[in-house]
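Two complexes come next, and they have one chain in common, chain A, joined by chain B in the first and chain C in the second.
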Partner chain A sequence: MDFLRPASWEEALAAKAEHPTAVPIAGGTDVMVEINFDHRRPEYLLDLNRIGDLGEWEVGEKTVRLGASVPYTKIMEHLRGELPGLALASHTVASPQIRNRGGVGGNLGTASPAGDAHPALLSSGCEVEVESAARGVRMIPIDEFYLGVKRNALQADELIRAVHLPKADGPQQFSKVGTRNAMVIAVCAFGIALHPETRTVRTGIGSAAPTPVRAKEAEAFLAAALEEGGFWENGKIITPSVAKQFADLCSAACNPIDDVRGTASYRRHAVGIMARRTLGWAWESYRGQSARTEGVA
Partner chain B sequence: MRVNFTVNGRKQEADDVWEGESLLYVLRERMGLPGSKNACEQGECGSCTVRLDGVPVCSCLVAAGQVEGREVVTVEGLADFAKNRSCGGHEGGACGTSLQEAQGWSAKGTDSQTGEGGISPHATLAPIQQAFIDAGAVQCGFCTPGLLVASDELLERNPNPSDADIREALSGNLCRCTGYEKIMDAVRLAAARQSEPEGV
Partner chain C sequence: MADTRTTGIPSKVTQGSQTKGGIGESTLRPDGILKVTGEFAYSSDMWHEDMLWGQILRSTVAHAEIVSIDTSEALATSGVYAVLTYEDLPTEVKNYGLEIQDTPVLAHGKVRHHGEPVALVAADHPETARRAAAKIKVEYKELPVITDEASATAPDAVLVHENRDDHHSGHVPHPNIVHRQPIIRGDVAKARERADVIVEGEYTFGMQDQAFLGPESGLAVPSEDGGVDLYVATQWLHSDLKQIAPVLGLPEDKVRMTLSGVGGAFGGREDLSMQIHACLLALRTGKPVKIVYNRFESFFGHVHRHPAKLYYEHGATKDGKLTHMKCKIVLDGGAYASASPAVVGNASSLSVGPYVIDDVDIEAIALYSNNPPCGAMRGFGAVQACFAYEAQMDKLADKLGMDRVEFRRLNAMEQGTIMPTGQPVDSPAPVAELLRRIKAMPLPPERQWESSEGADVRQLPGGLSNTTHGEGVVRGVGYAVGIKNVGFSEGFDDYSTAKVRMEVIAGEPVATVHTAMAEVGQGGVTVHAQIARTELGVHQVTIHPADTQVGSAGSTSASRQTYVTGGAVKNACELVREKVLEIGRRKMGTYHPAWATAELLLEGGKVVTDGGEVLADIVDVLEDEVVELEEEWRHRPTEAFDLTTGQGNGHVQYSFAAHRAVVEVDTELGLVKVIELACAQDVGKALNPLSVIGQIQGGTTQGLGVAVMEEIIVDPKTAKVRNPSFTDYLIPTILDTPTIPVDVLELADQHAPYGLRGIGEAPTLSSTPAVLAAIRNATGLELNKTPVRPEHLTGS
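The block that comes next holds the complex of A and B.
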């Protein structure tokens, strides 16, 4: 095994181009487990810790550019306002020690359906900035990023540099089922983002299909129902029948398996429950916000 | 490969390190510092918790090569680390814990019954270590080093933590003996002592 220690992003891209089998390591919270258990013996480890800007973020007018290695702890502490869904999801990652090291780039690189960041990334509608020495920067829409169980759209010579997430324009929520609060791989998870500017709703489901997925039919149904009922303007409570139909469609978007953490039918059921609950929480805060706005006007 | 980094305030060098080796392995097997415990090797248990550039991490999940040029504090250096912090945190000089001292470190606290303390030119116990002894928060002791490092960092960051803060800060450290209540007591005790004025 060789340990490659690029001091800059350009050096890292050159190293990855020269050694396409090199395994990038940043927080190490996935890679080191595999090495410790002898599940993986990469020819090259490509350490990204010396590349400072991977751990930085920039808040722009419309988007946040989040470096691939920004630890979850920093997202929780500094980006709760701009990225509430991702901040909530970050808080459910493992333990403080792991959140101090792990970041979104690792979740994307591993592309496990159980990665905690995925539902929030899907519901935000972000883009992944990847780069190779040969072809430069490529922006991959999150909807096209996950290809299969632990497979993503990265080419062998590419590295993940950052994620560009739209700043929240409405309430976002996240929910995760596990046997306890800390140190849990999700049995299943659900993220929701209300987008009042476009009058759309986006979702993300974790651990209930071969890849993280959106519940697109549920999103379309809910957007139409909210529009039709004038809910965005009147801020009324969402009709229970609408919430139920949304939940059922979210369950239907799952394609889960039975495994040690839970059965397929439990996962389908739990995703429906989480969809209904998170919609309720998000809608309550939307109503609260619009009531305050009206009060001021 | 060779790795140069700072351990408990002193520059150290580890030779013949395998590229896939963890920081935990380097500390335990190459530097003779077995205070950080090796249990799950997958970041689940927190027994191997150390500070990396001040941040608590599982040393089993840090590749040795990643600590090149960085600073690590282990449980063996916690007493000096806490002492330096309380006297203003000056860098370099006579500060830190040498490998020899760290290797020979043992818990010589003040016995809560007799009031007798250990004799050493260096800090014998960090306040959090004394609190763990006084509160009876140590049973088999295997999880204790990780809990001490995590608790010490919590109290540095948040001198008056709520019970919820303590539970959250220690949520990555598993203990199979105590049921955590005595550990909670110990952290509360250390926080209370920390907030007492000097000399009281």
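The block that comes next holds the complex of A and C.
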């Protein structure tokens, strides 16, 4: 195995063009596990740790440009206001040690349905900035990013440089079921973002389908129900029947399997419960009647 | 007392009472800081110049004939020094085992479980060894798998072991049953007639892993005399030695074993793992060979806790007295016997729990199957039984409309109670008192997650995963109590050896304690130093590394080491003390009449009378003389259980703990947060109170693990392990570990050294059923299986 250590982004792109099978490594929290257990034997490892810009973020007027290697700990500490959904998701990633190393670029690169960042990324409506030496920068909408089990829209010569996330224009929530109270891989997960500016709702579901998915029917139903009842203006409590219908549609958006972590029917059930609860917390927050409903961690 | 006052003798001094750092003090463990700071050298950290790395090729299927093994490509790999299969074993002894030698060192013609060792590779780099092992071509012809009692005892069942001739084979009802132990006492049919209520239950206990943090590892170094020095993390050096030497074709004195740093054991190191393999490769290549399992391999590299099915019937009169109990306990021993026969003995003899029931009909069996081999784990057969009988106690109390704790107290055993085996309990058995104490403890406040900032998710089910801010959360409280035997039972010669040396070094008296006791984290080395200080009145105690240059100390298991090896150290110290005093009498007897007339003690480095008068410094008594002796020590003998009635004085001592669990359950998502697990335990005498608390809290947490998360999942169709990693085999994190208030009783057992009681296992028993009872209390569900999974609580 050759270990490539580019000193700049340009060198990294050149190396990836020259060695399309090279596996990029930053925090190493996923790649190294695969290598240590011999599940993967890459010809080349492409170390991105010398490229400082990947670990930085910029808060713009409308969006946050989040470097692919910004560790989850930094997201929790510094971007809680701009990216509340992702900050909550970051908090559920593994252990403090892993959160100090791992970043969103790794979750996207691996594209496992169990990656904790995906539901928050999907519900935010972000874009992934990827680049190749040959064709330059390309922005991939998150909705088009996940193609299959551990498959994403990246070309062999492309690297993930950053994620552009809209700054939250409304409350966001994230919830994850695991069979332990910390440091646990998701049995299933759910993210929701209210977008009052566009009067839309976006969702993200993790570990309950071959890829991370949105519950689009649920989103459309809820947006229509909110619009129809004038909820965005009057800030009324969402009726239980609307919340239930939303939850049922979220369950229906799942296409889960039975595995050692849980049964398919439990995953459907749990996604529904999480959808109803996170909608409730987010809506309470929107109504401004609760000082804080995100959960204190 | 009146006499002593009138004769004017000062208050009596007892041996050890004046010396600091003796028994009863919470002296700190010598390895504590090193372990916390990461500087402790574990067995996996060893290194030897010019050493090779060993790798084991394991079977990818559970049950198959081996058609062929082709090692040529592996052998041709650059950097590979040796590839060994069954054909390369040097002697006629090709199997090993704790009690029954049924485990092949390397598979011969057949594999019987997923992950069974098939071939060995030694190479100059661990990655080279691993890749070479992957190049070994093994052709399997798969056989049907035996996975439960029905498939094991079906008329046409494939035999896991053909042509059995072990000492259990004659009395078992089927060759796929390792051992069967019935216990019959009284007249169940007649007693049943007196019952006003009868409760039946069927319970399932999942396969728990010891999940010790330091994977199996060791280093074998060939020596010039044709022997081998083996440095290894194990639980019992001499038991290993007895199994290793014959396979290597070496006399035991040419296999010199030294304990290296052990990262936990919990029973999982009682069987051999890489010991013989490393020695074979070292002797073949003439080079030191190190083997270290990774976590994945570790899940295949040691035995687990027996999963079990338990069928129980209890009866009681309407005033709450137990009338009878019938049970059948089916333990799955997996492919090889390991400790299964002894686990059967424990499960049957402790199946009634700490209760008085005169009329019982008990049967326990262990199966041979193609599931992973199961053997020793903390609690050893008593854990599974406790889970079932405690659920039964709650059902009975409910049916009678009685308080669950009061019902237990009404039926609690006490000193003098006769066990179902006919053995009288001849030391304190404060079962009712332990229950009273945990019930009397204040309950933790409700809704602790609420704060002015909103919900503190760390205090809620789901924790950091942010699944509830209080929605669906219901509290439940549950109680349980258990009984565990201490020491090896059923007539086993369960002795320990200690060598103690006393000499003057740099002007100070120093004691050296040398035993083969495996320090696996229990704190035995701390306690040995305390005992030596108490018995020899010195400050400086050196603990010699554990090795086979001294006699056996038995296993670090069965809650026995403080009792038995501690007893051996105490005994050896007493003999050394006598020798020191003899020397004193010889050299100085004429200086003072008390040398001849008084009872003499060693205190604070001096010889003193029991009245406290100083006669001499130990330094002056010994000068350059060295006192050293090695002695075996035994607890009271036990007897085998009768094979048809189960009668016999089979156990040495019993240990009791009781728990109260307080849980909060998210009833919609099926997630559980254990809020508090209070424990009351009788320890006889706390030799090191801090270590006692640590053992109780650790055992409690291990019991919590199997209540709500820990299970090795085996595919019933293929008998393959589905979750051999810490990603999917979950153990409690600190956020899953509740507050554990501990109430320690010290009621001396007059038969045991210092009155102590083995403590390590009892808290693992009652913790699990207490948590289950609390979850049942919160949800109203029956929950007959452990661990409880979210889908069991949501019904989805």
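Criterion: the second predicted complex is superposed on the first by the 288 of 297 C-alpha atoms of A that agree within 3 Å, B and C clash if a C-alpha of one lies under 4 Å from a C-alpha of the other, contacts with A are read in each partner's own complex, and residues count from 1 in each chain.
Quick note on the criterion: contacts are C-beta pairs under 8 Å (C-beta built on N, C-alpha and C of every residue); 3 or more make two chains touch, one makes a residue touch a chain.
Owing to the predicted nature of the structure, the values given are computational and were not obtained by experimental measurement.
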With both complexes superposed on chain A, which partner does A:274 reach: first (chain B), second (chain C), both or neither? second
Examine A:3 and indicate which partner it touches, taking first as chain B and second as chain C; both and neither are also allowed. first
For A:25, select first, second, both or neither according to whether it touches chain B, chain C, the two together, or no partner. first
Between chain B (first) and chain C (second), which does A:37 come into contact with in this model arrangement: first, second, both, or neither? both
Have a look at where A:98 lands relative to chain B and chain C in the superposition and call it first, second, both or neither. first
Answer with first, second, both or neither: which of chain B and chain C does A:170 touch in the superposed model? neither
Compare chain B and chain C by how many residues of chain A each one touches, and report the one with more. C
Counting only touches as set out at the top, which of chain B and chain C does A:212 meet: first, second, both, neither? neither
Classify the contacts of A:179 with the two partner chains as first (chain B alone), second (chain C alone), both, or neither. second
Can you give me the overlap between the chain B contact set and the chain C contact set on chain A? 36-37, 181-183
Help me check something: in the complex, which residues belonging to chain B touch chain A? 1, 18-20, 22, 41-44, 46, 49, 55-58, 60-63, 65-66, 68, 150, 168-169, 171-174
In their shared complex, chain B is touched by residues of chain A numbered 1-3, 5, 25, 27-29, 31-33, 35-37, 41-42, 45, 47, 49, 94-98, 100-101, 181-183
Of all residues in chain A, those that touch chain C in their complex: 36-38, 88, 91-92, 173-185, 187, 260-263, 265-266, 268-270, 273-274, 277, 280-281, 290-297
So, in the complex, the side of chain C touching chain A is made of residues 130, 134, 294, 296, 451, 453-458, 461-469, 471-472, 668-671, 673, 708-709, 713, 722-723, 727-728, 730, 732-736, 789-791, 794, 796
